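Pasting the structures here.
One chain, chain A, appears in both complexes that follow, with chain B as partner in the first and chain C in the second.
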Partner chain A sequence: MSAGGSGAAAEAIPQNNIMAFGVLGGLIGVYGAYFLVGMVGQYMSFIGALGAICGMVWGAAAVRRVASYGLGTGVPSIGMLALGMGVIAATFGLAVGGVAGPVVALVVAAIIGLMIGVLANKILKMGIPIMEVSMTEIATAGTITILGLSVAMTGTFDFPVVLSQVISTGYIAVIFIAGGLAILHPFNACLGPDEKQDRTLMCAVEKGSIAMIVAGIVATTNPNASGALTILIGIALWYVAFSGFYDRTKRDAYDVVGAGMLPSKEELE
Partner chain B sequence: MIDVAGILMQNILYVILITLGGVLISWSVHFVPVGGAPAAMAQATGIGTGTVQLAAGAGLTGLVTAGAMMQITNNAALVIASGAVGAMIMMSVTMIVGTWVYAYGVGCPPASAKVKYDPITKDRQDLYVSQGTEGHGLPTVSYVSGVIGGALGGVGGSLVYYALMSIENGLPLADLVGIASVFAVGIFFVNAVIPSYNIGGTIEGFHDPKFKRFPKAVLASLIATFFCALISVLSIGGL
Partner chain C sequence: MEPLTGMGVLALMGAAATIAGASEDLESDVGSQSNPNSQVQLAPQMMYPHRIYNKAVSGEPPSNALMCAIGGTTATVLMNTGASAALALVIGAIVAAAIHGTYSVTSYFGRSASQKRFKQPIYLDIIRSHTPVIMGYAFITTFCILVVSYLMVTAMAHPFSLPLLAFIWGITVGAIGSSTGDVHYGAEREFQAVEFGSGLNAANSGNIVRKAESGLRNGIDNSWFCAKFGGPVTGLAFGMTVFLSGWVTAVFDASRGDAIGWVSVLAGVIIVLILILWNRNIEVAARAAYGTYKEDEAEAEVAA
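Entry: the complex of A and B
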């Protein structure tokens, strides 16, 4: 059970496993897309979006954990913070790191996140025991989301390409909102006394696949990446995740009944 | 590999300006009357949305107006003034339309529950606060406070943008605008969320007792923005 403000959230999957899933899945996705686009063909760029979804699920799980303590303000703030920290770290990492860019970005994100977590507890006195760890996780997950979606859009993380195809064109704003939504929305939508981890995370996968479809649409405008496979896999994943989310919603609800049509004018008289 | 020390020494002024901008943004959020979800139901004084959305709205408007001014001139004072005016207009419009909705739509008078008399108009407040609510609408003091907040946020946002655009680099202008905007938005969000946690999500303006907490958020923002400023100066300066 996990209502906002009630303390630690119960979790069926331990956070450490999700953390490993997010970091490894995200890095494999980003590097897999980068190398396979060069070796196999541009249509492999969809792997980047799968990596981004790993990051989003991790981010949503971390938001769920920290927001269960009650932030004193809306859950969306922490998602925006994640992407705000993530975009700074991702741009820096890609700008200075070369092939090691994504790893540099993750390390920088972890440092910024840890710093903001420490500031929140030591200076703002928020008193959330897992704040430092969670902020580190959320910043890193936001960075993976940005990196993964950028690779899915351009097929590479070479900084000049990302700069001219993602940042200067303004698609970074799409990544910001679509990725931020996947991190902040699941817990915001599911929070309450009957919140369950698997339902929240399934919602994250569903939001992530929407971001994947959007990334695919952007990729169709780009010569180095192919959008068709990204869009198809995104739609399939969305269908699976949405059915999974709906099944879990029905499972957790006391009862699901149809409300029927609105009464007609004659029936009301 | 980029020359870290050289770039930092060359651009140390911009690191300081970005940090100052971040601190101003953080301080500005304390002026903005944010009511959050309760205000959306007319059960608390302020604008009915969260700190981050409001600060982002005002800050991004400031960024756009500052960017438009930068097309014409490189004069720092004009760019910053343009950013401030843009953010003030955005905040004023949001608040006046919100007040219309509260007055003519919801049907409640603007009233503050934190003070007995409005510090500016000296009007009695507590008589008009509905039972079970913590005030509603936007009394004059909150409105004035919100405009001050918009001005500070706009100055901060445009200061960050101006500093980022002024760093020496080898980028074409279109790419520079893109990367400077991205860093400015990232820094803006970080500095909008830190004070939002400091005030616990809602504040009525500078007359609210919570306003006295601002030094903590300003200190936290100072440290966080300084670090972000180093990173952004390094990445733009190294290109």
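Entry: the complex of A and C
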């Protein structure tokens, strides 16, 4: 339960599985797109966005876990923090790492996240038991999001290309905010005592596919990435995820009515 | 740039910003986003289920930054392919409004479904009637912010790119809408039933007005109310922010020399000082007119 009260969130899917899904899915997406664009053709760049969605789902799950300890209005802030840490780690990792750039970025992100978590608990004395782990997860998930969407936009994670086509052009702004909201929005939107993990994560997939569509729009101007395929797959994934989210909403809600009056006094008692 | 042309561009930016501010506030009021949302969220828990849209996308600054960044990105991509600026900005704003619509719907569904134990139903007619209104306001906001950003990039040769400027102005318009307009909705509309100026007693928490002049109150009723004062005043605040912050450098152009640059800094400081004094006077005048908080008569008797 998570009514802005305090306590651990109920999990149908264990967080460790989601963590593995985020890291492995994210790295496979980023590297898969990088190598397949070179070998098969530029239209494979959409795999990068799929990797980013793995990162966003993981980030949303981590936000859900840590925010269940009573971070009501802190939920949006923590999502922004994720991408803030992610931008630093991603640019540093790509700048020094070469082909190993994404891995270096993830390691740097984990270190930054751990430091922020330790600061929050030891210096600010927030006293949230899973703060260190969650901050590490959120920073790493934010980094995967940035890497994946950058690869989907440019078809590569070579630092000079990312610098000139993602950062200097200002498209990093849309990666930052679309990725950040995909991480923070699902739990913020589903906040309440009857929140369910699968519904929240389905919302994360849906928001992730919106970020994928936006990355596809940017990719249309880039000769090394394919915009059309990324947009099409993004729209298909959005439709599936939104239907899944609506099904779970109907399952969880007290009632879904076309129109109607408020519940009567007898009903409320 | 010619000072006269600069002033013209600035006036146009100020006008666009004023509209953006007003529509931003009304957009958040239709969905009860931001600060007033806490009471809309709390109401079912206190046994007051309602028919008010619960649009908890995030705080207003991030959600407006998302709209404007997506609009700016789409517009830039279109302009790179040779589309005219007018077309590109409109299509960018349409894409942003559509995406904002999906965010609004997921938050209404998600928040209401998570209140099952308080018996808060999901009303689909609320989704059908309110989401287009929200998207309409989101379109106006995004378009106006894109106009401001586009003028800065082209006419004023700002070094930042269009998506980045739109992102920054999106955060700004959200922050100003959140701090200026919300008071009017939260304090004066949700708690119309309590005496004006009495503050929010803990016993009244969640007891928001749920019935309208006719039928049950919804978010569109709230935006009608806020369009009378909260929206326009947010527009004025944001328009003044854009106009005054640009005015000092348009009149005292720093590119004409260091001395003039310092004069622009000085002019900015003077404007801030004038505003502080003006605000202080309004507060003093309000306190003189309405007096201090009066103790409830019944409470006073018990105390005596």
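The working rule: the second predicted complex is superposed on the first by the 257 of 269 C-alpha atoms of A that agree within 3 Å, B and C clash if a C-alpha of one lies under 4 Å from a C-alpha of the other, contacts with A are read in each partner's own complex, and residues count from 1 in each chain.
We adopt the following convention: a contact is a pair of C-beta atoms (placed from the backbone, for glycine too) under 8 Å apart; a residue touches a chain by one contact, two chains touch by 3 or more.
Quantities reported herein were computed from a predicted structural model and do not represent experimental measurements.
More residues of chain A lie in touch with C than with the remaining chain of the pair chain B and chain C. Of the two partner chains, neither chain B nor chain C is touched by A:V240. Within the superposed three-chain model, A:G170 lies in touch with chain B and with chain C [touch as defined at top]. Legend: residue contacts after superposition of the two complexes on their common chain; A:V214 is shown touching chain C, with no touch to chain B.
Of the two partner chains, neither chain B nor chain C is touched by A:L114.
Touch criterion not met for A:I28: it reaches neither chain B nor chain C. Contacts of A:P76 after superposition: both chain B and chain C are touched.
In the superposition on chain A, contact of A:L191 is made with chain C only, not with chain B. In the superposed model, A:C203 lies in contact with chain C only, and not with chain B. Contacts of A:P263 after superposition: chain C is touched, whereas chain B is not reached.
Common to the chain B and chain C interfaces on chain A are residues 72-73, 76, 80, 168-170, 172, 176.
Taken in their complex, chain A has these residues touching chain C: 3, 72-73, 75-76, 79-80, 168-174, 176-178, 180-181, 184-186, 188-196, 199-200, 203, 206-207, 210, 214, 217-218, 220-221, 238, 242, 245-246, 248-249, 252-263, 267-268. The touching residues of chain B, counted against chain A in their complex, run 2, 36-37, 50-53, 56, 171, 174-175, 177-179, 182-183, 185-190, 192-194, 196-198, 200-202, 216-217, 219-220, 223-224, 227-228, 231-232, 234-236, 238-239.
Residue ranges on chain A touching chain B, taken from their complex, read 71-74, 76-78, 80-81, 83-89, 91-92, 95-96, 108, 111-112, 115-116, 119-120, 123-126, 159, 163-164, 167-170, 172, 176. The part of chain C that touches chain A in the complex is made up of residues 38, 41, 45, 47, 49-51, 56-59, 62-63, 65-66, 69-70, 72-74, 76-77, 80-81, 95, 99, 102-103, 106-107, 109-125, 160-167, 210, 216.
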